[in-house]
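The following blocks contain the structures, represented as structure tokens.
Here come two complexes built around chain A, the first alongside chain B, the second alongside chain C.
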Partner chain A sequence: MSKEISNVSKQSIKKYLDAGVRFDGRKLDEYRDISVEFGVSENAESSVKVKMGETEVIAGIKMDVGEPYADSQNKGNLITTLELLPMSSGRHESGPPKIEAIEMGRVIDRGLRESGFIDFEKLCIKEGEKVWNVYVDIFSFNDAGGMLDAAFLAAVIAMKTAKLPRYDEKEEVVKFGELTDTNFPVTDLTPVTITGYKVGGHIIIDPTVEEEEMSEARLSFGLAEVEKEIMISSCQKGKDTILTSEEVGKIIDLSENKYKELFGVIDKAIKGIDKK
Partner chain B sequence: MDQEEKTVKKKREIVVPGEIIVSGDEFLPGDGTERDGKDIVSKRYGLSDESGRLVKIIPLSGVFTARRGNVIIGRVSDLTFNGWLVDLGVASNGFLPLAECPRYINQNDMAEHFSIDDLMVAKISGVKGRGIDLTIKGRGLGKVEKGIIINVNSNKVPRIIGKEGSMISLIKEKSGCDITVGQNGLIWIKGNKIEDEILAKNAIGYIEEKPFIEGLTDKMEGWFKEEKK
Partner chain C sequence: MAEKSKYTKRPDGRKFEELRKMTAKVGVVKEADGSAMFSFGEGKEATTAFAAVYGPRTLHPQHMQNPRTGILRVNYDMLSFSVNERARPGPNKRSKEISEVSKWALGNVLELKDFPNTVIDVFISITQANASTRCAGINAASMALAHAGVPMKELVGSVSIGKMDRTLVVDVNKKEEDYEEGEGPTDIAMAFTSRGQNVSLMQLDGKIRPKELKEAVEMGQKAAMEIIKVQTKALKDVRGDVKK
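Here is the complex of A and B:
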């Protein structure tokens, strides 16, 4: 009904967290059930829908050929956009993306870019002249909290399953709709983003809308496993309350523990599509 | 609820706006329907219900329409010099005047009774063009304290309450919680233990998912048995 949450809900969320449970019966460090669906959009090079509890988000990859940037003559371009559609929640309005959506898109972009997940040099067709432009478009279908982690999962799975479209070098056009057998060039790293929220002195992950609304601070980490060690490649702090060093340590430990779980989700989804 | 029993024999059918439900001068248009020549036409998406000559729609979706006498749960959105503005989740605002409180409240102490973002259980005393008038004079009405609030589709409220309150008393009995159901879809669950509250919440979630089953109350009892294991 309302955008703001009531005083009673605030009190009881805190009371619940003190007792170590959440409104939906989960533990503080538990994700909701995650499911993955492929082929949401016919025209995209790859499209994925991720459901995390009631949160639903789709990500699509679309590619075309363009010019490289001056500082990366032999590398492809990555353009990530995220839109929080008004139909997904009463909190979002139509119009140009608001600060929340811009921030989330940038965090996802940074997580993908800095983890070394994409092999940018393989996206180069002719150095200094032609490279692939990669568009990652993410849309929220239902925002029931924890959007960032779900959106990042969708983006990673979409990239892992994308095929390059055919490029006709003579005519210099991309033949959309004709996919080659070449996989989108990714390395064997698998990045995930895990966001810890501070709510009433407790650290939780995968919040519901109420918990997200009343959280005092949040901290996102982009992680990937490199040579059997989990490395942090990016991070983002949100909201205006400070986090103590213990709390930051707690979120790091938590994300390290949770990495395996999200990795499992990605792995299972990709193995599932290979079988078909 | 009595009407429902009479019409059990007639099958309810899902209708969409503009659909002709029945045709004939002998029928009377009820809630959610209108007369168009000889036909009774649906104005809403829902189940058609014929009880005798009266044809009405049991809506399946759409916003809550405020009626006099409804008990609702609302959130205080503003304080004025003589009362509180209450957000009910509908287009028009609710208003609780100072005079409708059970005891005398000084104008300067209003925030102590209800401040912004507090929830209240109130009864609708009248619906006018400019807004909805509320009262908290009566049993079970007043401020919402402790417990949890959940939000359901307001069209499913009758299912959650059940025939003559059978469903809600079953949930109350099995979970041991105090439950207040607002007609606008907000439900207040207050129990002694956190586990009880979660049980009651899950029970309501179960009903919300399966609203079209016959004999839902019996199924609910089975559900509780399984949950208790």
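Here is the complex of A and C:
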């Protein structure tokens, strides 16, 4: 499953980090260049590809009508899936999603759900009977490290640009392939995830494959700006190495500082599509 | 005597023997040993496939290894949002069958004897599906295998020939796939090797007379050669990139 990193590489990566730079010349808290493309599938309610350096991830939104859950009779349902396609890396194998992908998908799901980004009540068609099921499907396309933050960006941008399909109330069927002009109901806050990785005693973001493989622990925060204040609404610590409370504090600071940058990426992508 | 066909015009204005506009690009998945994308058509009408090749690499579990030759594995996957009504992610009977016939379509042109005990994995992802997805997948895979430097005798070009009522058409699109009138639609997926122009994939569902099927094979052969030209150009383009 994991890529074998030679001790020589590990030592050089660590040596670089000790000197305050990355193997690829970046600073410790620097994302690779991020770009966004739309229209991966014109059959989707929305679909995007996010590139973060050489890492590429695609996300699409599909919707249909179903029944609400017992504890949310007037709310739509969100179903988030992440697959690490074997196409995207020699490290990923065919077969049902493994724990790595399941965990990542759940972290993304929580980040979307808990941030207050989605207006779930507007996804209700008839209380107690009919609501929209929203499928956020995310696939790694080229996994060159740092997949989680890129995948979350893709999911958010896809949701912000999705249109609702047409629902025929008389026939009680979704007219698949016919999209309305109604935007997918999101609120005015924009969540992102920022993940700090502990590598050779240092904290970095957006790791390359090598850095990710040798990382001892990671900590992800889902956060958004709410009334000019950064609010953290989800969190996950990954891998079995402990983090000191200073390291946790460092990652909290890092995510607060980096929020604007990722927000800018989303904002620019959405504005770009509005102009068209 | 032969009745007149009710099918006189294609919905997208193409001639009966005309392919959709094709796009091909090599080197689209950087982590892979070889990769390519291929699409039939543009925009909302397009069918787009990506293929990535890994290997030859050691095959696990060991008991599956063949000391005489390397083996080919193909995995065809239609992404959930590639279609109008969401497809459940993961393999199903349809995708397993398509994976297998795609493997047969491609396997014969490869020289795997030099790589005993190894596997070459081809992963095909359909990102947008509007008919002929298996053909687009095979075309992408043919380029990806060449890009990976796997020894190949020939390229493989794949196309679907349709019969709408009594009219034969090249490269069936979504609307044609759902054609209902007269004798209805018949869809014939085919693949041909580039030099020998031999058949390496042939599947059919619908209704067709033996004579018509022979004509369809001829049409498919011609179309496949056009497709292979597009593949060759994309492969040459990527070689050009390296030189720069």
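Criterion: the second predicted complex is superposed on the first by the 274 of 276 C-alpha atoms of A that agree within 3 Å, B and C clash if a C-alpha of one lies under 4 Å from a C-alpha of the other, contacts with A are read in each partner's own complex, and residues count from 1 in each chain.
Basically, a contact is a pair of C-beta atoms (placed from the backbone, for glycine too) under 8 Å apart; a residue touches a chain by one contact, two chains touch by 3 or more.
Since this is a predicted model, take the numbers as computed values, not measurements.
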Chain A residues touched - chain C or chain B, whichever exceeds: C
First (chain B), second (chain C), both or neither touched by A:5: first
Touching partner for A:41 - first (chain B), second (chain C), both, neither: second
Chain B versus chain C as contact partner of A:89, first or second or both or neither: second
Contacts of A:21 with chain B and chain C, given as first, second, both or neither: first
Touched partner set for A:77, first chain B, second chain C, both or neither: neither
Contacts of A:187 with chain B and chain C, given as first, second, both or neither: neither
Touch list for chain A against partner chain B, complex: 1-2, 4-9, 11-12, 15-16, 19, 21, 23-25
Contact footprint of chain A on chain C as seen in their complex: 29-32, 35, 43-44, 46, 48, 50-52, 54, 57, 75, 77, 79-86, 89-90, 121, 123-125, 127-130
Chain B - residues contacting chain A, complex: 75, 87-89, 115, 117-119, 144-149, 151, 184-186, 194, 198, 201-202
In the complex, chain A residues that touch chain C: 40-45, 47, 54, 56, 58, 60-62, 64, 81, 83, 85-90, 94, 96, 135, 137, 139, 141-144, 174, 176-177
